[in-house]
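Attaching a single structure in structure tokens format; questions to follow.
Note that the chains take the letters A, B, C and D in the order they are written out, and that residue 1 is the start of every chain.
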């Protein structure tokens, strides 16, 4: 039941703030923070004291005929870990927000939406069936819509919110179709039931083949094959993850989402919401690895491509938050790639560590931005390291973790992914992974060198000073997991729930610290090599640089990277030529053909006929008499000469 | 041979004569009171009719030329009620005649007598005479506004065309008599059943058709409708009202007798004709009314459409059809008279008959506005008013025949189309009442007590027939019992 | 007077009372109307509370019947027969709540209040009566009773320059629909051989002797398109956005929310169960037409420049889901369709009410002119956001439950259609709803709206009520569904009893021919 | 040659048609009115002939009624036409077209 409590506390907080205590800003903040703090404590309890074997409990939410949907929870290591991540990181960010948003006009609205988001996110984590997950999936979408559009008076923010919601909806479209297909094939939506329905079944989707063949008009040259269906289900469900986790080609919304307040970016667009996609993939992994399904290859490559593209785009960004956003994209790419490589364990592992250090980085960035009076361009900063020491060292730790420097957490999780790439003999993706690792180091070093080192490039930067404790202490709190999360055996814990390539026996911190090397020296070595290379390159280019030297070195490529390879423009054009045109057409038809021509036409004809018939009434007695007589003659002729009435 | 059967008619005629006599002793200003006197008289006669007769058994007089059965009684009461309301209207209206108010009332009464005789006609002679009594009095009533050219013109048109139709009528009667050798409906029916060969004599059939032409003229059905709009527009509004209700109903009852009593065995030959005429009348009336702006003319056209709907009930040639016709007529009585009473007052106030003269009526007199709206809604055949249930019964009867002959479905479709089109122009009237742009004057209209009374009767009637049709329908069914129809 | 009849006779009586009050006692008139609708709402809620899903004979509870017209000579027997089952229960409750909300928002009316409130009450009574009657005659009768006030109200109190054209159009369209339906009902009356309009009797009769195929094949289309026009089935939908665009708020709420459902209800209650074969032939076509609603009207809505037109088109689009659910003709789909009926009732009332409040404050609904209003009018703004999100199928609101069920139900039968419908629900819906929010509420505040005041407590009442209902049913759908489902089962059963009819069919045709013959050779 | 029923009928039919043609073709209201009387008398002739030939007097009673009614009609009609003439100084039907459409 405590899981239910964890779920409902934020909701109650949100409702309370929205309905009752909107006026009292202080209290609403405390309410929301208190809710998530309590949630964190409870989830710690769940994490520590509940048995590892999955427990499940559910209420019957809706039952019509053979459609049975329950509102239920599934507590297994996976969800417990995720609970911890969400509440833990969330708590820090809540506290931080109190300082960051201090004095904003809609302080309480902010906390209400934040709690609402937490509620929805926890719902995804705890859901025990696909439909519930979809429900909270949507709620997460809408609460992020509210938070991105928090400063809705800014055109950019309002548009970004809209874009994020719509892009997510495209993903959800696939998701719901996937759910429908699963339900139709396996007759259930509950994860455990599905799993039990699947194992041992050679072709689980065979039942659908016949009807679908009928639908598509099965011809001798093409019929639906069960494996096609299996793949299709996987891909459709994956579409949902694409939307939420901003995988290529649905990645466009995440950078714009940075229009939201920085803590929001930290919570939603680094630690939790975007991770939901990966979490979902791990949750339904058994659906993806059905024998005969080719979904995983596709997923792996989508992740890889996303990681690469995002890293390349990050190279040339100058907005500190956007750089972090693209790095988030590429890290998510890593995770998805891992899932694609049959390694959901490492994916979850990386998700966890990434949640910690990426939140840290964003919060640090937020502190920097505030210090420089909402200046986000790194080229207008510089020399902040001694101005704001605490932000500086925490940010440095975060960077090191992100780049994957031993012994920071990022090293371990990233290494696990690279290792699993090797173990699947998927050399291209391994190389890609290593290359991206190098790129990551490069652009992060660029960020640190330009923003913190050197000397101030602007008034604001020169007068920058450390942020208040309410903002810096969360940084410190997040710095600890950033350092430790790798070695304390999280991966072993995940291994209880998910097929992990190398279930590292959790034998003490020390062994864990060196586990990667003696388990797969190749991966670890290449990883660190990439780091070193990236750092060298960055240092030579950016130490004390006043402007970015890269453009004149690689020219047009830099511009393309800066303009994000023109994906947004492409999509804008696509939408314009497809949906907009259709809408115009439909509107035109409605206005002129149906409403105008047909309806008005009928009306006009009626009136016209009336006017014509009226002409009979000439008013001349002669005519009348004649018509009268004519009528008589007509009647007589018809009745007497005409055929007698037929029956 | 008992003359006591015609006591009602006698009473009406005497009332008219008394009126004329009383006129000599009444100063011009109080003439209006004579009208109210006539109203009282008619009311008394109406009440008396309920005590005197019950119409359960069929009684004959004057050598079976005059019949008194349920149908006759139903129509007599119908005409009495109509005359009552029309007389109230006329009394309200009479100050527009510079002379001869009481003659106007008296003529209405004489026309009423004619209608009541028509209700009992069981013989071509009585058919002809009663019809002529109605028509001739109407010649005068129509042209009663001697100073207005329209009134005179309408009078002359009605005179000429009316005479023309009665020319056809009598010639038809002559032919029927020539072939069958009788003028009595019952005898004719017997002859036709005993010698079926007679039924195939085209001369006889021609005669019947010519008689039908005469009645069709009264009912204003296509192609004999041509006079209606002009006459409706030209004549004084009370006359128009009485024309649209009384004389139409007279045509109806005579046609009913002809088909139901005189030639039940030949009636089916007319089925196709009746169906066609019904459809044409509905379409013609509805369509022509669409662009119409003159209120009375509009109602003239709509009365053509109504005649078409009535004819539907004849076309199906069964009791359910005939009772539906009666029911529809009853509803039409209240509806049309309500409409005309309002229009009479509005026209008097505005001096124009254009729809726009209704502008602002909602402010000037909510009662009038409401009454006219209800009337229009009822004419359009929308619940919960009389018109709806009447049309419902007629359409039901038509659809029921569809099983026998699919052509009835087409007739039904035509009827529905007519309803649809009619909605449009009735709706225009309502629109003019409530939300016309240019409202000239907001001067409230004061209504005399009798007028209010008349309007109340109409409204109650419309609502009662619409909301509680049971009893009225029972009466209608009782009335048509004597007809020789399935 | 039983509970059920009280629910809709109360407003009608109140209408009479209002009629008798002098027109300058405006406050009293308003008070009476509010009181009557409020009482009706309470009664409806009581009905809902006292309704239990336990099965009864004929499946109807709170049954009430009196004789009305019974003329043996004409074989005419029309009786007053009321009753509720799971299907109309929700509709009645929803209608009563919406009616109260409509009475609340009628503050905006500033002239001819007396007539207005009379018509409003008559409309309310008519709507609820139509849903409560089990006799097809009164079913139609009450619908017309509610329809006429709609026309007059749009004509008299409507706004917009093309008000008159809108009134004309809606009048003609809806009357045509109603007449077609009436034709179908009369034909049903005659063809069933039961010679009754009583739905229960008809059902019994049809169960024992199904309608001849020939009859079904021409009666069902009549009902389908008659009712379809009333529900703005594509392509007979153009009256709806225009009419709602220029209707007074309360009228739009009542019609779009409640009265419109009459057609769907009739299709579900009469058309499908009594004429399974006729239906069978048309359901695929219906499924395709409903795409016209969902996708086509959704696209049209994307292009609208006026909020009311946008909402109008979106409500037309929502009808598509109900049609889809009905067309799927399985338990899940049909139940979902009923849920959407109820949910959309609340939603449409809410959106039109809010747009009315907006118009009252700003005097315009053009998306370009508005902007950044969320800051000035937080309550109305938030409510509008919630309504819009509910409109694009956000979980937590009742619409989501219904639409999801419809998708689940129809997915089996029409996978392709369902896929496109899902696209319409998730993407197209979101596009125009978010566009509205973006243009009206988001963006920088405009100077001309700087001193706008948010809704006062009294204004909030109806919106809170409607939102509450949407959320309650969205979070706890079983509240409604457990009542609906048992009543849907028999309908599905009858609809699937086609084969039985095929068995009787030849004899039927012969019999029909015979009685036609013996009617033709009548004594002459 | 002996004159049979058909002769009478032919004559009456011709009279009737003449009257009808007169109504349709003549312009003067008075003349039109006379033609109408002609039609009535055609009917009378037919009736008399019929009653003579199926020796049945009912027809002749009918004739009396017709003559009486016709007289009444003429009285009213002429009064009307005179009134119209006073107003219009003409008895031509072309002048009677103020009511139309």
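We take it that a contact is a pair of C-beta atoms (placed from the backbone, for glycine too) under 8 Å apart; a residue touches a chain by one contact, two chains touch by 3 or more.
What you see is a predicted model; the values in this text were computed from it and never measured.
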Central chain (distance from its CA mean to the mean of all protein CA atoms): C
More contacts between chains, A-B or B-D: B-D
Intercentroid distance (Cα basis), chain D paired with chain B, Å: 26
Rounded Å distance between chain A and chain B, as computed from the means of their C-alpha atoms: 77
Centroid distance [mean C-alpha coordinates] between chain D and chain A, Å: 97
Whole-Å gap between the CA centroids of chain A and chain C: 38
Two or more partner chains touched - positions in chain C: 168, 172, 520
Per-residue multi-chain contacts in chain B, two or more chains: 156-157, 160, 164, 168, 229-230, 268, 405, 424
For chain D, residues contacting two or more additional chains: 20, 23, 29, 32, 96, 98-100
Each pair of chains that touches, named by its two labels: A-B, A-C, A-D, B-C, B-D
Complex contact set, residues of chain B against chain C: 264-265, 267-268, 318-320, 323, 362, 366, 377, 382-384, 388, 392-393, 395-396, 399-400, 402-405, 412, 416, 419-420, 423-424, 427, 430-431, 434-435, 468-470, 473-474, 477, 486
Touching residues (chain side chain B, partner chain D) in the complex: 124-125, 128-129, 132, 136, 139-140, 143, 146, 149-150, 152-157, 159-160, 163-164, 166-168, 170-171, 173-175, 177-178, 181-183, 229-230, 233-234
Residue ranges of chain D in contact with chain A within the complex: 20, 23-25, 27, 29, 32, 93-94, 96-101
In the complex, chain C residues that touch chain A: 168-169, 172, 235, 238, 242, 296-297, 299-300, 302-304, 330-332, 335-336, 372, 374-375, 389, 394-396, 400-401, 404-405, 407-409, 411-412, 415-416, 418-419, 422-423, 426-428, 430-431, 434-435, 438, 441-445, 477-478, 481, 485, 520
Contacting residues of chain D [partner chain B, same complex]: 9, 12, 16, 19-20, 23, 29, 32-33, 36, 39-40, 42-44, 46-47, 49-51, 54, 56, 58-59, 61-62, 65-66, 69, 72-73, 76-77, 80-81, 83-84, 87-88, 96, 98-100
